[in-house]
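Here the chain labels run A, B, C and D in written order, and each chain numbers its own residues starting at 1.
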């Protein structure tokens, strides 16, 4: 994952993960199955991408010649994807566990990085543990609009933040990379995280408005249809 | 905000923010709308005050000449006001988020200050995160007198504490400023914070007594009126 | 409080504070009033003891001659007693606040002490914050046997631990004081804290058994009396 | 416990501790009594093993000759076993306390160890405090499948992790021990902890499937029997 592509893949993985899956209608259950398969596929893709990129560990864990572990960072990423690939259905407990484990691995992962690297991942941890806590509360309280809103906004932030990390640590256009020890960069990146969050809230408010208007129209249309059917059946009788 | 005036403005902003907005009566809803507009106005005033004071950043973020960020501290303050300016209505979740984000920004804001500066802002964080937690609990539990009492007392403390910070770090009368490294000053400021809190509790107890007496009299007066109306209607029949 | 007597007074203060005050019976309400007065009296005694012992600050806060605060440690202790002296009735919220504030003051109080001093007070904080959390939960959940048991056992531990601190830091018999930097002493004091807790649990189990047996006998005696009265009334009819 | 055997004993102790004891049926209550006795026996065995191994403290706490505490590490372990030996019946509060105390003792226990030793025990603390929190929630919420699943999986991880600690710190086959300061070892052990957890989840899923199938068959068999009895009684009438 030590590349722009790796972070972009992870960001996309979490962005598509965000959608809450509460389908009461029968015709949506097929969609749900499809979604579960898509998630498992993305998790497998992540694991394979980590292991089999050129220069990856190719499933080797220990090098007996020089008594060293082989690319532990990659193995940590593989373990993260593993817990997201466990078939979880709609179980919020397993979602919560997967996120707590992702957070713990990240926490120990970044302990020996440079100051900027550590801080930018620490901000990521805010969103990771927030979503984990949301799912944990969902286990005991059940669906609650506040939990729903908060976890979706944090999922969006987590996804877009992975892209941000990629841009900061591995600038895709061969410009000069950021000064990793400049304290001003750390201060800017903190403010920037909350701008991502404000943008996530804005997107949700926009989506909500669109869907609200559409369903209004649909239910209006359906009401018309129902009225028309009722009138027709009245006429036939 | 690096001035006495900036802290005094922030303190006043949070002091007027404190009032819980539970109006069941119709004639109070106009008051509520007025209050919401007052809040948004204060938030805009805060953002404008941060950006356009003489020597402020005037919305510039990055200086391309010397490759430096422009006045990041001010941008952090602007971001804080931004989340308080988002129209929130009565939603405790958005209040909670705005306060958590304020707290996080403060936390990363003070990491590189002197010991006294850091400590005096850390004490502020106690009140900020306390109120954030109160609002969060309100999302799930609903209105509870204990939450109400605790959050109002902490809002009062937060507001008066901003004034205290202004007096300590930027003494308005040109006397000698406090020794920022003396451990005794840190110890005194800790005790002082809880004196502010004790004063906040005293003010609430005083207000409660006044309002209790007044409403007693009003309900007494109304009871008299009701009795008089009942007697009159009885006479007329 | 920097003496054996001071810690012994504080320990006794908290030991007599422990009793839960749930009296439904009318004849106990007089006892409750007496208890409230005893608590306020002890709090006042603590505050006076801190201020007016020989060599105390005698209510002086700032020395204008050498521009120094007067005996801030003593003022911290006075503030702690202040919050316990606020008339609280049975309000668990105010109990919780008093304990949280006691804990916070302790925390900032011990930051610059020797390792053993710091550790022995840190163990005290475990019991302080535990009780504060118990009272906070009581606000929302109400009386619960588990909360009752846990807070009483922690109150007992807190009280006896104050005596332990007195014995360790200010040995009353003029023997050699403990080596404050020896790591073995820190390890022993940690184990010792949990022995205090085990003893507290034992005392509660003992009291429970005694009271259980007594009330069994009383209800047995009352049942006999009721039976006898029933028989008598039957005979008289 | 400073040996492979000690850690293996502790691991086995916690592995046999894991089973949730909810028996509604009468014939299981004898099993429960047996289980309680087994637990107390294991706790006593642990305490005796700590005190009376060759070179142990043999209940001596303080050596008056050289003014030193005798083998405090061993006394800490004895105290841990003590709280697990207190007869607790099914009380989740006492289970929670025993685990919190175990966690606290561990925390202070490892403060002066090498980096790897500290980290491997810190990972253990994750499982210890997780289970303690589960039991605490059980006090207020009651039995909940999510708590049950999480605490059992963490108990399994705790038990197997004790074995892992034994293998890492005291390799039973006289090979070279692990380099305690190599950062790669710390990174590997972190990933390894979550593999233990994934294995625990796998074991539970396997057991669940087996038990589900068995009880299906039993209830099928019982249904057949009931049908057969119903038919017989119908014939007899």
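Methods note: a contact is a pair of C-beta atoms (placed from the backbone, for glycine too) under 8 Å apart; a residue touches a chain by one contact, two chains touch by 3 or more.
In this text, all values refer to a predicted model and were calculated from it rather than measured experimentally.
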Interface sides of chain A and chain D: same vs different residues, half threshold: different
Magnitude of the superposing rotation for chain A and chain B (Cα, nearest 5°): 90
Computed distance of Cα centres, chain C from chain B, in Å: 34
Approximate Å spacing (C-alpha centroids) for the pair chain B, chain D: 48
Multi-partner residues of chain B (each touching 2 or more other chains): none
Complex contact set, residues of chain D against chain A: 126, 137, 141, 144, 146, 149-150, 183-188, 190-191, 194-195, 197-198, 201
Interfacial residue positions of chain B with respect to chain A in the complex: 68-69, 72-73, 75-76, 79, 82-83, 86, 93, 97, 101, 104-105, 108-109, 112, 139-140
